[in-house]
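Letters A, B, C and D name the chains as they come in the text, with residue numbers starting at 1 for each one.
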């Protein structure tokens, strides 16, 4: 369907964009069409896409990517506090800081490979988290999380002790004479970034991020990254120094994480240390694997599924279930409520765990593999002789489409 | 559709395409939705328009505080029942002055939505946002830690709904992080310290050396500061204060230095799992069998929760601490509440459950008094509201910081519990006057009430 | 003119002397075979050329520059390519990608952040890669994923990957090991054809049929040191070699 | 001096726990090449075996008090454990020793869990990418946790050690150190126990033919398989053994750390760090790293050290991990080529 041409990529991008931008309408029936969750879909989609550039293409499994997300959030909130509530400078600054952070951590961690690399990244992230939670409180506001506050009084005398955690400066905004009532809201050229505008902001970032990831994946650089995953030794004997490639991929994916962190701060200007904990790093790993490692769409899908479970399944309580099964006779209704109740509300983790197992047992390539098989079935039913080839081609749209599609043709 | 296609076909560069899509989004996506929202714009956020009013119960359902969250949720459900006139009415009958009639609130039936905070600020905010944006909740309540409470309180302030804090003990919630839209019934670290001071003096004398182990985050520091101040006020010396990582699990490396420090009191500024572990281990190290400076070595846990204390088993016996409320209290309100809760769930309520139940009633009553659910109206009726019959004796919501002022319970681990719920005995009810402080002491300011439409 | 000069190379692992005082000169344009019994140190020697191992002492000079201490990728950039005993290819990628990667490496150097240039858009390199696949007879399968190839085809692919870089020196580590007689002959023909391009080759080989069909010079390694060197005819006639090696092996 | 000695003891004790957890993990991880994110859950299951055993032995007869009522009006229940009714003092003795005796339940139960897990799930993942292994074992860990949470709640559950070892040992007197050098008996027991288990596992692998085959299989699986040995079945048993070791570590730790359903996750990251710092595929490395990290963590928590480097106790483990992995590319005793790609 999407050939291996540049044109095919444009079509994919177009379809992706349309789907993302119409989510507020299409997701309404499953109760996911409200700004916060849509924002989360876009933000974690972005995070997972970036993570996939490293993990999906090079095979290097970072277990500390949440650190870059956290750093991005902190950087953004500091820009909001010190300079301006306009989001663009914050986003730029966050990407930059996350990039530098990734450069340093990547430079050290990439001296090792395999599980040793994973543990190095994990160690750096855990150190960041532990320090941010406690010792670095003057910079991070610890457990309470870094937040936007009211402005410090304008007429500060020479004896005034400025406490930047609890009062803000917003020097640039003040220079332009912005008047604030209470705590201000982030904005993009004075368009408020909460609610749906915030979602569209994140959605546009997601589309741009998707586009860049797609280009990287199809590029020479992307091919080199895939070659690293496939056989690093051969690459070395082929005249390629793999370290700069790995480092570049690491930094790029770190910058994606920084961007995701900034988007979080934009839509919800509060940066806490939990964002950097290993569970957060693990979450993006799970998202990517769940959707399909090395595929373009998979990570976005995986992110959406996990966030959907976290926000919607956890909110279903017995009252809702009783309504849902009210059409059943009362005895049966109770049974249903009890049984289903185990999997929703406080049991949403159980459902998630089962989902992980089922997906990985039956669909080794993640959700995207499932779609590829579905397409395959669909095609075969239509008695199309080229069906199997086309089906695998569908999956390969994401990975290495060129190789497989025409392979059997 | 043709417009989009031509966009892509003709434009080659990413920037143009991105801008095109962005523009598409802003023109055709945002505008209509905003238009729709504005179309039936209310005068405040999530104004209930139907026959029900929705409250958002945001409690931990997974993670270390899941049981506490479950107990909170039970209390909320009970409160909703009572407000809607079902069940025995619980504290509705003892609550004075109250205008609640047991027919819902302002003629609307009370409905609720639930969510999982996971005891993480971002998750708690996401959950609260869902309640506000999707379920049109007009009030959010719950929480089992101060970080979460402060984060959600900030969110409610921004969104323009009322936040009735659940279990949050840090000074900051109504101190430097206080918000006009947020209210706290629970007590704080300052009150714990102030209440414990005199009791400790009576029990352990004026000459003591205290060693603090403190959870290394804001609540821990705040608790340590309060305890240090109040114990030093009765003449005790502070030997050392040591910060311990949150979730350390094994505290042995922090406990052994206590043995040689010359201290004769150990103060554990820990809560939840940390408290269970550090207390269990401190007792295992024989601290309580020790004699230092000719005195028995003592351990103090400033904030006790019966629910969590179960995890420490026998280790809590005889240990002093403070609590917001305990089910063994004999006033009419407490009796009514315990009876109603126990009959419903077969176990007495925890202090977290109590505070959540009370907060719901207080909110409902305030709405009834104001005749509206608008935050301005609620804030006006709650500020300076004096009430009784909700288990804590005469209580006041102070206008300056939205903190409840009431008597504080000093409790002690029960030496001979008759049931598994009977873990704490109340040794002293410290009067309100003794724990009260100036509202400027903790810094912060409420700011304006946010009652704008969302 | 000497292209590769190895002087006094020693390498030991623990107490085992894998190479002792090895000297070797490979002339430009030569097809130089290194033979010897198992464990004689042939692969160790090759590993010293490409930077996988660093000799304990001695020098390895390639066109006047020392290779010692250089990274594998730097050595490759000086014009040394290697075919491994077990094929080292990019198993998950297509044949064409496998050949294009070394072509890019040759054209772009060790690192370039060419994240924007579409793989398919560089027609010149693609054409070259297809040509290289044709040379080894794999052009029909260019879009297959490599893991599906037979062992012999993998070996030929690896050869194509080396050839596309136009190396000055090609190191072949048992290029026909495990191949059928027909495949072996095909490989010999292929290597002969490449020989016409004038690439200097060092071949390690067990199969004397291959060695005598291809080599212009043969060196015999036994127990970590060279015991003889000469043209195929000289080696065939050498008593020393027969005693040390051929006598036991030839049927 | 006394303080340093005590911290050293703490380090040994902690190290024993770390080593025990890491040992089980590295058996599965280094031997079978499985990234087992459910290892923490196995530890947790072991701990809850002790809880369940305790509950089982405390199964009680409920008699409703005719007079006393609860605050909500139902009669107060008087509970007497059946074992006490039936066996009297011996019953009380059984209850008192429930934690050590729970080993009797832990060993068969965890062996079963391990074998079922390997045969039913892990077996199918040997040749799958690590990513898939992570997802499936993590999913399994969550499911196991939720099941435990469903039955035992989320709060920690106290598990008292037997009375005889519930106090502290006055080591100071024995060794001629100060009188403040005391150490809880149970921690000494735990240390001895972990040393015993570690020693047994090593002896088992070192001196039995079974162990020899497994060790050979760790080095080169294919060759051993070619020799006609049913390595598959042996690996099943190894996985079962790993589960038992993890379970024992968990069960015996309950008096020190009252278990809750989440306790496994708290140990998961740590156990991976210990295994990797020790070096992949090395049992000795895992044990050495466990003790090294335990001891360093104890010393880093000393007030004197903390005042020099604030917060050092929170990051010491990770810091040491980074340093070791940079100095020694494959950890303390790791072998080349294991889990490097």
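To be clear about the criterion, a contact is a pair of C-beta atoms (placed from the backbone, for glycine too) under 8 Å apart; a residue touches a chain by one contact, two chains touch by 3 or more.
Not measured: the values here are computed from a predicted model.
Trainee: Which one of the chains is closest to the middle, using the mean of its C-alpha atoms?
Mentor: Minimum centroid-to-centroid distance belongs to A.
Trainee: How many angstrom lie between the CA centroids of chain B and chain C, rounded to a whole number?
Mentor: Going by mean C-alpha positions, chain B sits 72 Å from chain C.
Trainee: Averaging only over C-alpha atoms, locate the centres of chain B and chain D and give their separation in whole Å.
Mentor: Between these chains, centre-to-centre, one finds 34 Å.
Trainee: What is the distance in Å between the mean C-alpha positions of chain A and chain C?
Mentor: Centres of chain A and chain C (C-alpha means) sit 45 Å apart.
Trainee: Provide the C-alpha centroid distance between chain C and chain D, rounded to the nearest whole angstrom.
Mentor: About 51 Å, centre to centre.
Trainee: Can you tell me which residues of chain D touch two or more of the remaining chains?
Mentor: Residues 311, 314 of chain D each touch two or more of the other chains.
Trainee: By residue number and range, which residues of chain A touch two or more other chains?
Mentor: 130, 134, 215, 349
Trainee: Among all residues of chain B, which ones touch two or more of the remaining chains?
Mentor: 62, 66, 70, 216, 243, 245
Trainee: Draw the chains as points, connect those that touch, then say whether the picture is a line, ring, star, complete or other.
Mentor: Basically it's none of the tidy shapes, so other.
Trainee: Following the definition at the start, I'd like every touching pair of chains, please.
Mentor: Every touching chain pair, ordered by label, is A-B, A-C, A-D, B-D.
Trainee: Mind pulling up the chain A residues that touch chain C in the complex?
Mentor: Answer in residue numbers: 4-6, 215-216, 218-224, 226-227, 229-231, 233-242, 244-245, 248, 252, 400, 402-407.
Trainee: Chain B touches which residues of chain D in the complex?
Mentor: For chain D paired with chain B, touching residues are 2-3, 6-7, 9-11, 13-14, 17, 70-74, 76-77, 149, 153-161, 166-168, 178, 180-184, 186-187, 255-258, 260, 262, 266, 297-298, 301-303, 306, 311, 313-314.
Trainee: Within their complex, state which residues of chain A touch chain D.
Mentor: Going by the criterion above, the answer is residues 55, 59, 61, 108, 111-116, 119-120, 122-124, 126-127, 130-131, 134-135, 232, 278-279, 282, 285-286, 288-290, 293, 342, 347, 349-350, 352-357, 359-361, 364.
Trainee: In the complex, go through chain B and note every residue touching chain D.
Mentor: 62-68, 70, 216, 240, 242-243, 245, 247, 249-250, 252-254, 256-257, 259-260, 273, 276-277, 280-281, 284-286, 289, 307-308, 310-315, 327-328, 335, 338-343, 346, 348, 418-419
Trainee: Would you pull the chain B residues touching chain A in the complex into a rising list?
Mentor: Chain B residues touching chain A: 4-5, 8, 14, 17-18, 21-22, 24-26, 29-30, 33-34, 61-62, 66, 69-70, 112-116, 120-123, 125-127, 129-130, 133-135, 146-147, 150-151, 154-155, 157-158, 172, 176-177, 216-219, 243, 245-246, 443-445, 447-448, 450, 454.
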